[in-house]
Amino acid sequence: SKPLTLISGPCAIENEDMTLRIAEGLKKITTEVGCQLVFKASYDKANRTSVTSFRGPGMDEGLRILQRVKDEFELPVISDVHDVTQIAAAAEVLDIIQIPAFLSRQTDLLVAVGESGKVVNVKKGQFLAPWDMKHGINKITSTGNEKILLTERGASFGYNNLVTDMRSLVIMREMGYPVVFDATHSVQLPGGAGGSSGGQRQYVGALSRAAAATGIDGLFWEVHEDPDNALCDGPNSLPLAQVKGMLQQVLAIDAIFKQDSEA
Amino acid sequence: SKPLTLISGPCAIENEDMTLRIAEGLKKITTEVGCQLVFKASYDKANRTSVTSFRGPGMDEGLRILQRVKDEFELPVISDVHDVTQIAAAAEVLDIIQIPAFLSRQTDLLVAVGESGKVVNVKKGQFLAPWDMKHGINKITSTGNEKILLTERGASFGYNNLVTDMRSLVIMREMGYPVVFDATHSVQLPGGAGGSSGGQRQYVGALSRAAAATGIDGLFWEVHEDPDNALCDGPNSLPLAQVKGMLQQVLAIDAIFKQDSEA
Amino acid sequence: SKPLTLISGPCAIENEDMTLRIAEGLKKITTEVGCQLVFKASYDKANRTSVTSFRGPGMDEGLRILQRVKDEFELPVISDVHDVTQIAAAAEVLDIIQIPAFLSRQTDLLVAVGESGKVVNVKKGQFLAPWDMKHGINKITSTGNEKILLTERGASFGYNNLVTDMRSLVIMREMGYPVVFDATHSVQLPGGAGGSSGGQRQYVGALSRAAAATGIDGLFWEVHEDPDNALCDGPNSLPLAQVKGMLQQVLAIDAIFKQDSEA
Amino acid sequence: SKPLTLISGPCAIENEDMTLRIAEGLKKITTEVGCQLVFKASYDKANRTSVTSFRGPGMDEGLRILQRVKDEFELPVISDVHDVTQIAAAAEVLDIIQIPAFLSRQTDLLVAVGESGKVVNVKKGQFLAPWDMKHGINKITSTGNEKILLTERGASFGYNNLVTDMRSLVIMREMGYPVVFDATHSVQLPGGAGGSSGGQRQYVGALSRAAAATGIDGLFWEVHEDPDNALCDGPNSLPLAQVKGMLQQVLAIDAIFKQDSEA
C-alpha cells in the first residue's frame, strides 16, 4: 500500500508569484520525503463569512495560474467549483474537481461534476453523518463516474466549533473510495473570529497524525508563506517552513498503519 | 403588534390541481382564524438525499403554477432559488425569494437575490450560530435591500438529528428583522430514513407553540392532503385537516406574547 | 387541568434572613397569580466548578432553615441530596427530594431516595437522551415508590453550552410522570465564566414561555434579591422583583395549552 | 520518553478465576511487547443503565481479589470509588483510585481521594470541556496531592452517541499531568442498546492508534475472554486474544510520536 498523498497549497490564489513559490516549495518537500503531491488553491472563495472578504482572482485568471503550476512543476491540480456553469472551464485544467462541503448535497452540482469525467473530491458537509455520504456517491456514480474521493473536514459541534470524529474515516473508507482528511479546515472555528472564521493551527499536527494512524489515503493542508498575513484561512493554515517536519512524522505513522493493517 | 404570518404549502409542487386545492384550503383556514398567509411550494428540490428522489416540475412550469395561485387566491408566494441563473425568472413571480439553509453562506447567491429587490428569506444553516446570521444579512444589505426575513430550521445535534434552540429566535429578532420558525423542517431527521430524511411530525405542534411563546413573526409549515403519500418531506409534513386546530392554539399563544411583551 | 407549579428559591441558602424573605416574597406572588409554590434552596452545593466556591450552610443548619420556611409560610420544600447518607435526615424535612443531574444514573442513590417514600425529582443528566430517563424511573419504582417528577435542565451542546430540546418535555411527559422545566439551569454556560458557570438570565423568560407552551407540570426558577451579588448561580438567577410579571405571562400560556390540549 | 502504559482488565470482576486469568494474560502480553501494565477491574458498577444490571462482587470481596492480582502478578491495580465512605478501604489496596466521569465534578469526592495520598485518575465527564478539567485538578491539589492522571472517555454528541475530540488530549497534556485515553468507553453508545449501553468495539483500534499518534501517556482498554457474553460493557470490550496485535501497532505509533515530539 502506498503512502498517503498530500493535497496542499494556499487557501486562495493571492497572486501568481506566491502561488508558484508555494507550489515549488511543496514539490521539493514531497519529493524529499517521498509522497505524492496534488496542488490545491481556490480561484474564488464563494462562501466567505463576510461580503467584504477577499475572494481570489476569479475563475479565468485562477485557472490560468493553476495551468502554469501544472506545466512548470508537473503537478496534478485540484480546485473547487460552486455552480454548474463553472464545470466545463474547470475541467479543462483541473485533475480533480472538488465539491465544497456546504454544497455536498446539491444534486445538480454532483451530477454535473460526475459527468465531466474528472476525479471528484466530495467534502463531507459539517451537517452530515459519515454513512450518509453514500447518497452523494450515488449521485456521482449515477453518471458512470466512479473516480471519487471522500474528504472529512469536521462535524458541527455546538456553535462556532467543529469536532473531528475519527470513526468517520473508517466508515467512509469502508465505502470503497479513497478518503482524505482535511486537517486545516477541521480546526476552523466557524464564525469564531467575528467577521471571519477563526482557526486552531496548533492542532493540525495532532489531528493529522491521528488521521494517519486511523487510516487515510490523502491529507489536505492549506499552507502559506506567512499565515498570519494570509488573505484567507490564515488562522488555520500551516507555515510552509513547518511542512516538511510535520509531514515526515505523519508519513512514519502512515507507514506503520499501512504495513500492519493492509499487509 | 399583528399576529404571526403563516408561510405554508406543500414541500414540492406535485401537480397543479393539488397545489391549487392546498392553497384554497389554507386560504380558507387563515381567513377564518385571522392571520396572513404566504403560499409556499418548491418547483425543484435541488438537494434531496437521493439522486432518484422526486424533484418537482422544474422552474418554468412551477412558476406558472405559483402565478396561478397568486391570481386565483390573491396570495403572496414564496419559493427557493438554488443558483444565480434562476433569480430573474423567479423574481417575476415570487413575492419572497428564499435562500435554502445549505446555501446560506453563498455570497453570490445572497447578493444576487438582494439585487432583485424582492423580500429575501434566509434560512439559517444547520451549521450556523444564530449570531453569525449577521454576516448573511450584511451580504444582502450591501445591495441596498433591507427587506429580509430570517428563518430558524434547526441546528445539527450529533448525527441524523436536529435540535431547535429557542434562544436563536430571540437572538435573530434582536437583529431587527422579522424571524420565521420553520417547524416542519426543524423536526426532520436528516438522512434518518435511509435514502431520505425522516421526520417527527408529532413534535410540530409543540415546537410551533414553543416558538410562538418565545416570539416570532412568521411560522412555516409544510402541509399536504395526505402526508404519508407525499412525494417529498412527508414524514414531517402536517395533514391539511389538522392545520386549523393547531394554528388556533399557536395564535392564542402568539397573542399573549405580543400583548404582554410588545405593549 | 391545574396550572403549573412553581418550584423556586435561591440557588443556595446564603443566610437565614434572606432565605425567609425570598420565601415570603415568592409565597405572596404565587398567591396573587394563582399557582402553587414549592420552595427550593440547596444547603450544600456539592459540584461547584471550583473548590473555593461557596457551598452553603451544610445539611443540619440548612434543613433547620428549610423547616422554618415550611412552618412559617406553610410551603412544601425541596432540596437535593448527594449521597445515601444524607437521605434519612433530609426526608425528615423535605417534601420532595431532588437527584442532581450529574447523579441521575447513580443506582444506589436513586434506590435509596425511592425507599424514603418521599416524592423524588430526578433531574435529567446533560448527557442523557430523554427516552433514557425510563431507566432512572425503573430504579425508583423498583422500590415501590411511584411519586416521581422528571426535570429537564438542558443537554450538552458542544463545549460550555447547553441547549434545551423542547421535544424532551413531550417525550418525558408521555412516560406518565409530571415534568418540570428547570429554566434557570438550562441557561447556564457550564464552565463558561472561568472559575464558575456563566449564565444567560436574559433567556429565562423565553425558554419558560416556550416550555409552558410545549406543556409542563412544573417550572423551576432560581431567584435572588440581587442576582449580581449572589454567592451561587447569580448569572442565571432571576431577580425576585421580576418574578411576578414573568410568571403571569407563563401562566397565561400554560392555561391556553391546558385548556386546548387536555380538555 | 517511555512507552505508554496500558491500563486494562475486565469491566467488572465477574468472578475470581476469570479475573486472575485475564490479569495473567495481560501481564504476559505487556511483558512481551514491552510496556507497563496497570490492572483495572470494578468491584461495583454503580451507574449501570438499568437497576437489574450486574454490578459486581461488592467492595470487600472485590478488593480481596484485586489484592490477589497484585500479589500473584506483581501488578499495580486501579479501580473506581463512588462515594467518600469507600476511600479508606480502597486506598489500602489500590495503587490508583479512579473518579468516574459522572462524578468528576463532585468536590467532596475529589478532595477526599486527594487526601488519601494515592494517585488519582479523573475521568473527564462527557459534559465537560477539556479546559475545565483544571477545576477538578485544583480540587485535588488543594489537598497537596499532585499525583493526578486525566482520562478522556468521549464527549456527548447528540443523543446516544459520544465523540472523541483528539484536541482534548493535547489540551489536557498541556496542564502538566499524564493523560490517558479510555478507548473502550469512548466507543460506547450510551443508552443505545435499550436497557444497557451499546458499543462499537470495531473502532477501538482506530481510536487507540489515533490517540497514540496525538500523544498520550496511558491507554485504557476493557478486555474480556468472551466479550459477547460479558456481564458488563461487552459491546465495547476487546477480546483478550486481540490485545497483543493491536497493542503492538499502537506502541509502534507511540514510539514515533515520542521520538519526534519529545526528543
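As written, the chain order gives the labels A, B, C and D, with residue 1 at the start of each chain.
Here is the rule we use: a residue touches a chain if its C-beta (ideal position, glycine included) is under 8 Å from a C-beta of that chain, and two chains touch if they have at least 3 such contacts.
Worth saying up front: this structure is predicted, and the values here are computed from it rather than measured.
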Seminar exercise, completed: A-B, A-D or A-C checked against C-D; over half of contact pairs coincide for A-B
Problem set entry | Comparison of B-C and B-D by number of C-beta pairs in contact, larger one | B-C
For this session: Round to the nearest whole Å and give the separation of the Cα centres of chain A and chain B.
Result: 33
Exercise. What whole-number Å value describes the gap between the mean CA coordinates of chain B and chain C?
Worked result: 36
Exercise. So how far apart, in whole Å, are chain B and chain D when each is placed at the average of its C-alpha atoms?
Worked result: 48
Exercise. Which positions in chain A touch two or more other chains at once?
Worked result: 155, 157, 159
Problem set entry | Complex contacts: residues of chain A adjacent to chain C | 157-159, 161
For this session: Please give the residue numbers of chain B that touch chain A in the complex, ascending.
Result: 46-51, 55, 82-85, 102-103, 105-108, 110-111, 125-132, 135, 138-139, 142, 155-156, 159-160, 190-191, 195
For this session: Could you pull out which chain C residues touch chain B in their complex?
Result: 155, 157, 163-167, 169-170, 187, 200, 202-203, 206-207, 209-215, 248-249, 252-253, 256-257, 260-261
